[in-house]
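Have a look at these structures, which come just after this line.
In the two complexes that follow, subunit A is the common piece, with subunit B as its partner first and subunit C second.
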Partner chain A sequence: MTLPDLTAADLQPVLPALVLAAGASVLLLSEVFLTTASRSHLALIALGSSVLAGGVALATAFEPAHAVFQGLAVQDPFSSFVTVVVCLGLAGVVLLSADFLKQRQAERGEYYALMLFAAAGMSLLAMSAELITLFINLEVLSVSTYALTAFLRRGPRPAEAAFKYFILGAFSAALFLYGSALLYGVTGTTRLADMVGPLRTAMHTQPWLATCALALVAAGFAFKVAAVPFHMWAPDVYEGAPTPVTALMSAGVKAAAFAGLVRVFLFLGRADPEVVALALSALAVLTMVGGNLLALPQRNVKRMLAYSSIAHAGYLLLGVAALFPHPGTGVLAATPLMLGSPAVNSADAYKGILFYLLAYTVSSVGAFGVLSVLERHADGDGATAWDLDRFSGLAQRRPGWAVAMAAFMLSLAGIPPTVGFMGKLLVFRAAVDSGLLGLAIIGVLASAAGAYYYLRIVVYMFMRPAPAEGVLPEKYWATELALVASAVAVVALGVLPGRVADWLSQSGMFFGTR
Partner chain B sequence: MSPSPVGPYLPLAVTLLVSGLMAAALPVLAHFLGPRRASKVKSESFECGSVSEGSARQRFAVKFYVVALLFIVFDIETVFLYPWAVNFKALGWFGYAEVAAFAATLLVGLAYVWKKGALEWET
Partner chain C sequence: MLPVPLPHTLALAAVLFCLGMVGVMVRRNALVVFMCVELMLNAANLTFLAFAQAHGDTTGHVSAFFVIAVAAAEASVGLAIVIAVFRSRGTVNLEELKTMKH
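Up next, the complex of A and B:
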C-alpha cells in the first residue's frame, strides 16, 4: 500500500485551525478543572487563540498557492485572507461576549470553545478543495453555531431560533450532500480540480443530471449565506440567538460560507460558465432587492440587521457572479458566451469579494456590538429589547457609542469615507468590468433604498430626544475595546484601503487560476 | 441478442404488485366484513396485557440522549482504530502519531464529560 507522504510542510497550512482547536480543548478542560470564581480567563484564552491563529494565517498569506494533503485542501492567499477575516471577527465577538455573558451569569468555557471550533471549521472550509472535506468543515461550523444559538436557553425564543436553524441547516446540508453525490456520480471524483473536465463533458451528455447536481450544491450554499429565496431562517435565528453569536453568524459564518461558495464555483463554474453565471446573477438580484426591501419596515434593529445581512450577501453574490465575465449588458442580456478559464478578468472580482468580506465583518461586528450593550439583561428576550427607540438620543447619553454606531451604519449603507463604501465600490466596479452593468445598477439602487433604514438609526441617535426615564447602559472595557477597534477599522480602511487592496490584488490569489 | 435486462426482475415486480394489492385490499375488506363492537376496555391502549396507567406523553430524562451521544462518539473511535490496528505495521510511526493525536483529542473530550458529570447516572 502507498502511505500518505505527510510532512511538517503539510501541517503548516492548517496551523491556524490547529491553534483554534487547541484553544478550544484548553477551554473545555479549564471549564471543568479550573473552577475559580472569576471566569474572565476564558475570554482571554479565546481571544489569545484567535489572535494567534489570525497572526499565523497573516504570516503565511504571501505563500504561493499550493495543494496540501494530497489535494484535499489548498493553501492560497485567498484562504489565508479568509482565515484572517474570520479570526478578526472572532476576536471582536469574543470581546463583545465577555461582558455580555458576565451580565447574564453565563460565562462558560463551552461557549468560547464552540466559537473556536466553529472558527477552525471556517478556516478549513476556506481551504477545502474536495467535497467531503468541504462538507465536514461546513458541518463543524454549522453544528457549533446551532449549539451557540441556544446557549442562553431560558425562554422560548432561543429554543425556537436554534430549532429553526438546526432543521433548516440540516435540510440545506442534505441538499448539499445530494448535489455532491450526484456530482460524484457524474464525474467519478470528489476533488474539485479533477471534476472540471468530466463535468464539462457531462453538461453535454447528461445535461439534466449535471445541472441538477450544480443546482443542489448551489442551493446548499445559498442556505448557508442566506440568499433570497433561501433566507427565511435568517431573521428569526438572528433575532433569537445571543447578540454576540448573531455577530459571529453574520461575520464569520457568512465569510466562510462565501469562501466555500467561491472555491466550489470557480472550479465547477468552468464546466459551464453560462449556466453558473446566470444562476448566480439571478440569486444576486433577488438577494440584493429582497434583503433591502424586507429590511425597510423593520423597527426591531436586530431583525433589521438580519435583513441587512441578507442584502449584503446579495452584494457579495454580485461579486461572485462577476468572476465570470459577461459580454452583454443588463440582466436579461447576461447570457455569457464566454468559454474557458474564468481567470481572464477575475482579479478585480476576488479583490472586491475579499475586501467586502473584511468590510462587512468589521462593520457588522461593531453594529451588533452596540446593539448588545443597549440590550439589557432585565429585558429578557422581549422584542422591545432591540426596538429603534432604544437608540433615541443616544448621542447625548453615550456620544462615543453614537458616533461609532453612526460609522457602522454609514459603512453598511456604503457611504464614504467608510470601509463599506470601498467594498461596494470594488464589487460594483468588478461587476461593471465583467459586463454586469445591469446588475450593478440594480445593486446601487437597492443600496440606495437601504440607506433609508441605516440612516434612520442615525437620525434616532442624533435628532430624537433621549427618553426621560430608563437606565443608562453601563460601560465595560472589553466591549469598549471591540467597539473602538471596529470603528477605527471602519474609518481607517475606508480612508486608506491601499495596503489591503494591494495585497488582495497580488497574482496567484486563488489556487488553480494561473 | 442478450437476454432482456428486465427478465430476472419480473418475479420481483409481480411480488411487489401482489403485496401492494394485498396491502390495499385487506383494510378495505376488514372495514366491510369485520364486526365492530367497541367497549371501554377495548378502546384503551394496549400495553402487553397490563392495565395502562398515566399519560404516554412523558418527558424523557436528558441523560438517555447524552449516553447515546457519548456511545456514538466512542463507537466511532473504535471504527477508526480498527483499520489502523489491522494496518499497524504498514502505517508505522506516522500512523501511530496520527492515531495518538486522534485519541488524545477524544481523551480531552472524555475528561470533559467525566468531570462534567455526564457519566453519572444516579443524579
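Up next, the complex of A and C:
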C-alpha cells in the first residue's frame, strides 16, 4: 500500500464534511477564548456552517459519480443529496436547540460542536465505499451522539438513556466490525467494489462463513436504523435524550445509516441478491407492522414519535428492498395482479428513498420542535412533560403551533397534501414496480393503522378544551423560524414536489451501477 | 517459531466474540458490560490480524490500528457516561436503570 499525495482537488469531494468540522473547531475554540456572557453567536456559527455545507453539497450534487481517495470513498449524487438532507435537518435542529438550551442555562460550544462533528460523520458515511472507512465514520457520528444524549446530565434520565444508547450502539458496531473482519477474510479486501466477485465465489466455497459475515453486517445496520427486532433501545433513548438531540437522531442519524446500508448492500447484495432481498423484505415487514402497532397505545408523545420513527424505518427498508429484483416466487410477492415479469428501475427506488428521507427529516424535525416548545414549562423531566394532555386545546392557545403540528402529523401519517404522502407514494410505487406488491399492501395497511395515533394528537389539539391552569409557552424567534420553515416545506413539497423530485432522479447515477 | 495456524486464531477470536456477546446480554454491572463490548471489538481485531497474516497483505494490520484508535475514543465517552450514571444514581447496576417505562 502506497500513501497517496493529496492535493486540494482531492479534498474537494469531502468539502461539506470539512466545512462542518471547521465550524465545530471554531465553536470549540470560541469556548476557550471568548469569555462573554452572551452565547447566542454559538447557534449562529453552527447554523452558518450547516447551511454552507449543505450549499456546497448541493452544488456538487449533479456531478457524475466517481471514486475518490483511491476508492476508499465515492462521490455520487446519492451521497451529495444525503449530505444536503443531513445539513437541512441539522440547521432545523440547531434553530430548535438555541432556545431549548437557553431555557436550561446549558448553552455551550461543545453541544453545537458535537452536532457538527456528528453531521460531518454522517456526510462521510454516505460517501464511504470501504469497510474500515465506513466503520470509522459510523463511530464518529455515534460517539458524538452518545455524548449529546448525556448532555443535560443532571437528571437521571439522560444518563440512563445515554448509557443504553452507548452499550447497544457499541454492541452493534462490534457486530458490524466482526462481520467486516470475516468479509475481509473471505474476500481478501475491504473495498466494497472489489469485494463483489470474490464474495460471489465465497458464497459457494465457504457458504457458512460468507453468510455469517453478511448477517453480522446486516444486524449491525439493523441496530443503527432501529429495525424490528433490533429496535428495543430506540424508545428509551429517544425519550431520555434532550428533545432537539432526539430530532437529530431521528432525522440525521437515520438518513446517514440508511445511506450506509444502501451503499453496502448494493455491492454485497450482488453476491446473492435473492437472500439479501428476502432478508430486507422480512425486516421491512416486521418493522412497518411492529413500529406502528407498538406506537398505538402510547400516550407519551415523545415515546410515540420514537415508535413512529421505527415504523418509518420500515417504509425506508421497503424502498431499499425495492432496489433488488424480486422474481415473484416468494409468498408475499406472488399475487395475481402482477402482469409480466417485474423490472427493477433503480433510479425510481433511489428517488423514493431520498425523497422519503427528505420528507421524514422535515416532518420529524418539526414534530419534535413543537414537542420541545411545549415541554419547556414542564417541571423537571418527568414523563408527564410529553403527555398527550399537554396538546389539549393547543389550537385556542397557540393556533400557529397547532396548525404546524397538524401539518407534521398529517405528513408523518402520509395524508395528502403533505410531503409525507409524496414520499410514501414514491417508495410504494418503486416497491410495486420491482414486484413487491404484497409488501406494499402491508405497508399501506400499516400506515393506515398508524394514522390513528397521529390524528389523535390533532383531535386533542383542536377538539379538547384547554386546561385552565396551564402557563402559555413563550415564543422565541429561532424556534418559530424552524417551525414555520418546516411547516412550509412540508406543505410546499407535498403540493409541488416536481422540481425536487426531478433533482433526486439524478441520484440514479449511483456509483457502481452500470 | 512456528506460526499459529489460521483456524486456531479464528476459533479463539470467535470464542472471545461469543463470550463478549453473551456477557453484554447477561451481566448486570455496567462496567463488566462495557468490558464485554471491548472484548468483542478485540475479537474482531484478532480476526483482522489473523486474516492479514494468512493473506499476506497489510490492509488487516492497518485496520486493526484504526479500530484500536476508534475503540479508545469510544471508551473515553463510555466511561464518562458510566460516571454520569453513577453520579445520578449512586450505582452502576443495570437492574436499577428503569426510570423509563412503556
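In this text, the second predicted complex is superposed on the first by the 490 of 514 C-alpha atoms of A that agree within 3 Å, B and C clash if a C-alpha of one lies under 4 Å from a C-alpha of the other, contacts with A are read in each partner's own complex, and residues count from 1 in each chain.
Quick note on the criterion: contacts are C-beta pairs under 8 Å (C-beta built on N, C-alpha and C of every residue); 3 or more make two chains touch, one makes a residue touch a chain.
Predicted model, so just to flag it, every value in this text is computed and none were measured.
Engineer: Under the superposition described at the top, does placing subunit B and subunit C together on subunit A give a clash or a fit?
Structural biologist: fit
Engineer: First (subunit B), second (subunit C), both or neither: which does A:V365 touch?
Structural biologist: neither
Engineer: Figure out whether A:A170 sits in contact with subunit B (first) or subunit C (second), or with both, or with neither.
Structural biologist: The answer is second: A:A170 touches subunit C but not subunit B.
Engineer: Quick one: is A:L182 in contact with subunit B, with subunit C, with both, or with neither? Answer first, second, both or neither.
Structural biologist: second
Engineer: Who wins on subunit A residues touched, subunit B or subunit C?
Structural biologist: Touching more residues of subunit A than the other partner does is C.
Engineer: I'd like to know which partner A:A147 touches here: subunit B for first, subunit C for second, both or neither.
Structural biologist: A:A147: touches subunit C, not subunit B.
Engineer: Tell me the contact category for A:A440 with respect to subunit B and subunit C: first, second, both or neither.
Structural biologist: Touch status of A:A440: no partner.
Engineer: Scan A:V32 for contacts with subunit B and subunit C and give back first, second, both or neither.
Structural biologist: first
Engineer: Just to confirm the geometry: in the superposition, how small does the C-alpha gap between subunit B and subunit C get, in angstrom?
Structural biologist: In this superposition, no C-alpha atom of subunit B lies closer than 6 Å to one of subunit C.
Engineer: Following superposition on chain A, which residues of subunit A contact subunit B and also contact subunit C?
Structural biologist: Residues 1, which sit in both footprints.
Engineer: If we count contacts the way the header does, which residues on subunit C are in touch with subunit A in the complex?
Structural biologist: Those residues of subunit C that touch subunit A are 10, 13, 17, 20-21, 24, 30, 33-34, 37, 40-41, 43-45, 47-48, 50-51, 54-55, 57-60, 62-63, 66-67, 70, 73-74, 77-78, 80-82, 84-85, 87-89, 97, 99-102.
Engineer: How about subunit A: which of its residues touch subunit C in the complex?
Structural biologist: Per the touch definition, subunit A meets subunit C at residues 1, 132, 135-136, 139, 143, 146-147, 150, 153-164, 166-167, 170-171, 173-175, 177-178, 180-182, 184-185, 188-190, 235-236, 239-240, 303, 383.
Engineer: Can you check the complex and tell me which residues of subunit A touch subunit B?
Structural biologist: Residue positions touching the partner: 1, 3-4, 6, 21, 25, 28-29, 31-33.
Engineer: For the complex, give me every residue of subunit B touching subunit A.
Structural biologist: Subunit B reaches subunit A through residues 87, 90-92, 94, 105, 108-109, 111-112, 115-116.
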